[in-house]
Amino acid sequence: MQIAIILGSQSDLKSVKEGVELLRKFKVDFELKVLSAHRSPKQLTSYIQEAEKKGVKVFIGVAGGSAALPGVIASQTTLPVIGVPVETKSLKGLDSLLSIVQMPKGVPVGCMTIGKAGFVNAVIFALEILGIKDKSISLNLKKYKKDMAKQIKDIRIKL
Amino acid sequence: MQIAIILGSQSDLKSVKEGVELLRKFKVDFELKVLSAHRSPKQLTSYIQEAEKKGVKVFIGVAGGSAALPGVIASQTTLPVIGVPVETKSLKGLDSLLSIVQMPKGVPVGCMTIGKAGFVNAVIFALEILGIKDKSISLNLKKYKKDMAKQIKDIRIKL
Amino acid sequence: MQIAIILGSQSDLKSVKEGVELLRKFKVDFELKVLSAHRSPKQLTSYIQEAEKKGVKVFIGVAGGSAALPGVIASQTTLPVIGVPVETKSLKGLDSLLSIVQMPKGVPVGCMTIGKAGFVNAVIFALEILGIKDKSISLNLKKYKKDMAKQIKDIRIKL
Amino acid sequence: MQIAIILGSQSDLKSVKEGVELLRKFKVDFELKVLSAHRSPKQLTSYIQEAEKKGVKVFIGVAGGSAALPGVIASQTTLPVIGVPVETKSLKGLDSLLSIVQMPKGVPVGCMTIGKAGFVNAVIFALEILGIKDKSISLNLKKYKKDMAKQIKDIRIKL
Amino acid sequence: MQIAIILGSQSDLKSVKEGVELLRKFKVDFELKVLSAHRSPKQLTSYIQEAEKKGVKVFIGVAGGSAALPGVIASQTTLPVIGVPVETKSLKGLDSLLSIVQMPKGVPVGCMTIGKAGFVNAVIFALEILGIKDKSISLNLKKYKKDMAKQIKDIRIKL
Amino acid sequence: MQIAIILGSQSDLKSVKEGVELLRKFKVDFELKVLSAHRSPKQLTSYIQEAEKKGVKVFIGVAGGSAALPGVIASQTTLPVIGVPVETKSLKGLDSLLSIVQMPKGVPVGCMTIGKAGFVNAVIFALEILGIKDKSISLNLKKYKKDMAKQIKDIRIKL
Amino acid sequence: MQIAIILGSQSDLKSVKEGVELLRKFKVDFELKVLSAHRSPKQLTSYIQEAEKKGVKVFIGVAGGSAALPGVIASQTTLPVIGVPVETKSLKGLDSLLSIVQMPKGVPVGCMTIGKAGFVNAVIFALEILGIKDKSISLNLKKYKKDMAKQIKDIRIKL
Amino acid sequence: MQIAIILGSQSDLKSVKEGVELLRKFKVDFELKVLSAHRSPKQLTSYIQEAEKKGVKVFIGVAGGSAALPGVIASQTTLPVIGVPVETKSLKGLDSLLSIVQMPKGVPVGCMTIGKAGFVNAVIFALEILGIKDKSISLNLKKYKKDMAKQIKDIRIKL
C-alpha cells in the first residue's frame, strides 16, 4: 500500500469519488479510512503506525471545520502529509483551510484547495511524490497533463 | 491541583501573566505546562492522563495558528476544556480563533476572546466552573464582579 | 433545574432539537426560554435572577447577528455562560461568532461552534461542567465518548 | 443636556477628543460617561433612565470587541442611538463593527465608521438629528460642510 | 413629506415591503424612488434638492455592492442619512456594508444591518429621529417596543 | 493633458510619488488634484467636465475607506476610470478595495492593487491605454517591461 | 480583431452571454477562447502572441479561484488587460478577486466586479479604451449611458 | 541538485534564512533563484526546464500578493511543487494564501503556512518527499522530530 487516505467524517466520502477513480486508473495501491482526530484519536494513532508498517509513502487527510486531522497525522509521522479542507456549512471551508494550512514551524502539511477539486489534487500531488521514485507513475502524469491541455484546446465555443 | 494550563508554545508565556496572578489571588491550585499538539503529541497525551489522575477539574489550552491544542485535549478527556486563541503575526489570531471554536459535534471546547484578555477570561471561566462546587470561589467571584463595576463607576473623566 | 437555555429568537428553536434530546437522555433537568437581550431586556434580567434562585448551575445562550445575549447573561451572573452563535442569512454566523467570542476582560463566555452542532456541544460542555460535581454524569459522558469512537470504527466504506 | 455619550471603556477616551471639541464649537450640551454593558450593566441601565429624564435627545455609544453597548442602550430607549466601533488589537475593529451594525429587526443602531473618525461622525450625525428641530444647529452644519469643501479646494499640491 | 427613501436599484424593492407597511401604520408621510449614484447621478442630485424643498427630514438610502448611494446623498445634504446595505450575490453584503459604513470624517451615514431587517430598522431609526420633534411618533414607538417584548414573552415552546 | 489624477484626500499624496516620477519619465502630460466625492462633490463634478474639455483620455481615482471617488468619476464620464484603493488604518484597505471594485453593471472601474504599488500600476495601465493610440508610449512600455525582467535576472543572491 | 477574450475554463462560458451581446450591438470585432494559465500554459502563450499579431488592442481574462489567467496575460503583453473574477463554490469569488487584483508593481490588471456583471463591465471598459481612438464607439457609449439613466427614471414603483 | 527554490521577489530573501540553514544541515543539494511569474515569465519557464534537466525532484515557490509563481511552476512540471505565501503589507498574506492554495483541479500546489515558518516547513516537506527514496534523509527527519519534542519537554517555566 502506497497511499493512506483518512477522512475525518463519513460525510467526507462524497468528496473523494473522482480522486479514487484517478488512483485506480493509475493503478496505485491505496487504503481509505474514516478516523477522527477529535472523536477517535486512539484509533487514529494506531492506524498511522499500522499504515507506516504496511509501507505507506504518503498520507492524505481530509477534514472540515477545526480540521485538526492532517496536522495530527503530521505530528506522528515524517512521511509527507497532504491536507484537504472540506467545505463547511457556515464558513464555507475558510475555517477548514486556515486550520489545515497554518501549521507551526517544524510540522508541515501540504494544503490543497477546498473541496472535491482539493481531493483530486491531493491524489495527483501524492502521485507526483511517488513519481520521483517510480518512473511509470511519472510518465503517466506527463500523459495526464498533456491530455488536460488537449481537452481545453478541443473546446468548441458556440455563443 | 484543580486547573491544568497547557501552552502550545513557549512564546505564549507572555500572554498568561495577568491570569496567573488572578489564580494566585483566588488561591486556586493550578499547573502550567508548555506542550504542543503538533510538536510533542505523546508528551501531551501523557500529561492529560497524569493531570486527570492528579484530580484536575478543568483544562485551559492556549494556542495560535492551526491551534489544534485545545481540541486535542478535548479529544482525550471528558473534563471541560477552555481554549484561548493566541494572536498570530499574519492573520492576527483569526486562524487561531476558527481552529479552536469550530469543533465538530461531540467534542466541545469553550473558546475565549483572542489574546491576553482571553487568558484572563479563561481563568475566570475556570473559576466559575469550580465555583459550582466550591462556595468560597463563587463568593469571591461575586466580589470580583462588584469591584469591576465599582472601578468603572469611579472613573473621573477630564476632557 | 440545572441548566437554563435561553434562545434570542423563536427561529433559533430549529437549532436545539438534537441537543435537547441529549439532555433528556442524560436525564438532566433543564429549562428552555425565548428571551432577547435587545427586544425583551427586562424579562431577560428577571429570568436570569429567577433561574439562579431555582438553582441553575450553567446558562446556555443561543443568538445570531449582533448576538449580545450570551454576553448580557454573563454580565449579570457569575455562573458559567456558554454561547452558541447562530448562522445568519448574509454573514453566515461570522457576525454572531465574533459578537459572542470577543468578550471584554472580566466577563467570559465559553463560545461553541456555529449552528446546530454548536448547540449539541453546548449541552455536552454543560454536562462536563456538571460532571465535576456529579459522578453519574461524568460516567455517562465517558460512555458517550467511547460510543462516539466506536461508531467511527464501525463505518464500512463502499467505494 | 441634549447628547449622552457613553464609552464602554476608559481606554476609549483617546478616540473622542476631536468630536468633543466639535460639540463645544457647536455649543451643544452633552454629557460623557464611561459605563460598560458587560462590566457595569446596572449602572448603565440607571444612567439611560437618568439621561432620558434630563431631556437627552440622542445617545452615542462607543465600544470595541463584542461591543454590546450601543445595542444594549437601544434595547432600553426609543431615542436614536448612534454606535461607534472602536479598533481592537487583533481583529482591528471588524468584530466591533459587526457586533454594532448587525442588530436584530426592531432595535436599530446607526453605526459609524471604525475609530476616531467614527466618533467625529457620530457627533455630526447627532447634530444633524438635533438640527431638524433647531434651525441654528442646521445652519452651522451647512457652514461646516461648505468650509470642508473649501479646505479641499485650497490644497496646493507640490510634487 | 418627512422621509425620502431612495433605492439604488429596482431589485432592492423586494427588501422594503415590511418597512413600508410600518411607515403606513405610523402614518408618516414618505416618498420612495429608484435612483442610482452610479447610473443616474444627475437625477439623484436633482431629487435630493427637490426632497429638501418638500420638507423631508430624513433620507434613507438602500444599496448593494459598491453601494455609494447613501454616502453620495450624505455628501449633498446636512439632513441625517440612514444607509441600508443590500445582500449581494457573491460577497453577501459585506461589500455593501463596508462601502456604506466606512465613510470619511465629516460626512456621516448611519448604517443599519444588512438586508430586509436593515430596512425595517432604517424606518424605525427614522421614526426615532422624527419622534424627537413629534410626541405622537415617540409615543407610538414606545408602544411598538412594548408590543415587541410582549410578543416574545407570549411564545409558548413545544419541544 | 492626457491623464487626470484625482486623490480623495491630501493624505493620499504620499502614495503617488513613484507613479508621478514614472509619468514624467514617459513624458506624458497629466494633472493631479485633491477632490473628494464625499466632501467636495460639486467641485469634483466641475473638474471632471473641465478635464474632459482639456482633452483628458484616462482618469485615475485614488481613495480609501468608503472610497466612492473612482465610481463617482465613472458615473459622470465614458472615459476609462482606473481606481486605486488606499490602505486604511483599521481594515487595511479591504474596505477601499471592495468599494472600488464591486461596481454595478454598466459603470466599470478598473481596480488596481491596494496602496503605492497600485498607483504605479494605475499609471502603467493608463500608459497601456494611451499606447494603443500613441506608438512611442507603446514602445517605451515594451522597453520598460524588458528592463524589469532584466533587473530580476541580474539579481545576485548571497546567502 | 480588437478585443481578445480568454476564459480560464469552459464553465465560465455561462458568465459571458450578456457581455457578448453588448459587443455585437456595438459591432466591435472580438474573439473568445477557452485557455487556462494552469492547464494549458503553452497554448495560452501562443494565443497571446497570435492575438497581438491580429491587431488586438485589449485583453479580457475571466478566471476563478487561484485565477492566475489575467496576470499571466499581463506578464506577456503591454496591451491593457482587464480581469474578471468568477464566483467560486466555497469562497464565493473572494479568492478570485484577490488573486486578480493584488498584482505586483509593474504588471497591472484592471479588475472588475465578481461574476456576470463583471464581464459586462469588462466589455464596457474595453469599449471605453477603444473609444479613445474610435469616435463612433465613444458616441455609442454616451448614448448607452444616457439610456441607462433613462431606464431608471422610467421605473414606476407600485408598493 | 534535488530542490529548486524560486522566490518571486528579491524582498522574499529575508524569509528564507532559517530554511536554507536547515537544508545545509541536512546536506541536501539545492539552488535558489529570484524569478517572477509576472515580471520575468520567460526566464522562469527556461529555468523550470533547466532545473528538471539538472535532476531536481521538488520545486519550492515563494510569493506574495497575487502570488501566481507556485501555480505557474506547477503548470509546467509534473514534479511536486510546494508554495509558500509571503505576508503582504495590506492584506497580511491572506491574498497570497488564497492565490496559492485555490488551484484548479488537475494542477496541485502543496501550500504551507504564511511567512518564514512556511518556508522552513516547505524545506521539511521537501525533505519528507526526498526521504521516501533516500533513507538517510528519512532517518535525519526522525531525529529532527525527536529533538523538537525534547526541546519542548526541557522548557522550564518561571512565572
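Just so it is clear, A, B, C, D, E, F, G and H label the chains in written order, and each chain counts residues from 1 on its own.
The criterion applied here is as follows: contacts are C-beta pairs under 8 Å (C-beta built on N, C-alpha and C of every residue); 3 or more make two chains touch, one makes a residue touch a chain.
Worth saying up front: this structure is predicted, and the values here are computed from it rather than measured.
For the pair subunit C and subunit D, chains touching both partners: B, E. Least step count on the touch graph, subunit C to subunit G: 2. When the contact pairs of C-D are matched by residue number against A-H, E-F or B-H, over half are shared only with E-F.
Taking the mean of the C-alpha atoms as each chain's centre, subunit C and subunit H sit 43 Å apart.
Subunit A and subunit B have CA centres that are 33 Å apart. Per-chain CA centroids place subunit E at a distance of 34 Å from subunit G.
Across the assembly, subunit C contributes residues 36, 39, 65-66, 91-92, 94, 101-104, 106-107, 113-114, 148 that each touch 2 or more other chains. You'll find the chains touch as A-B, A-C, A-G, A-H, B-C, B-D, B-H, C-D, C-E, D-E, D-F, E-F, E-G, F-G, F-H, G-H.
On subunit F, the positions that touch subunit G within their shared complex are 57-58, 78-80, 82, 97, 101-108, 110-114, 116-117, 120-122, 124-125, 128-133, 138, 141-142, 144-145, 148. On the subunit F side of its complex with subunit E, the touching residues are 8-9, 36-39, 41, 65-68, 71-72, 74-76, 88, 91, 94-95, 98-104, 106-107. The part of subunit H that touches subunit B in the complex is made up of residues 87, 92-94, 113-115, 148-149, 152-153, 155, 157, 159. Within the complex, the subunit H residues that touch subunit F are 10, 13, 16-17, 20, 32-36, 39-40, 42-43, 65-66, 89-92.
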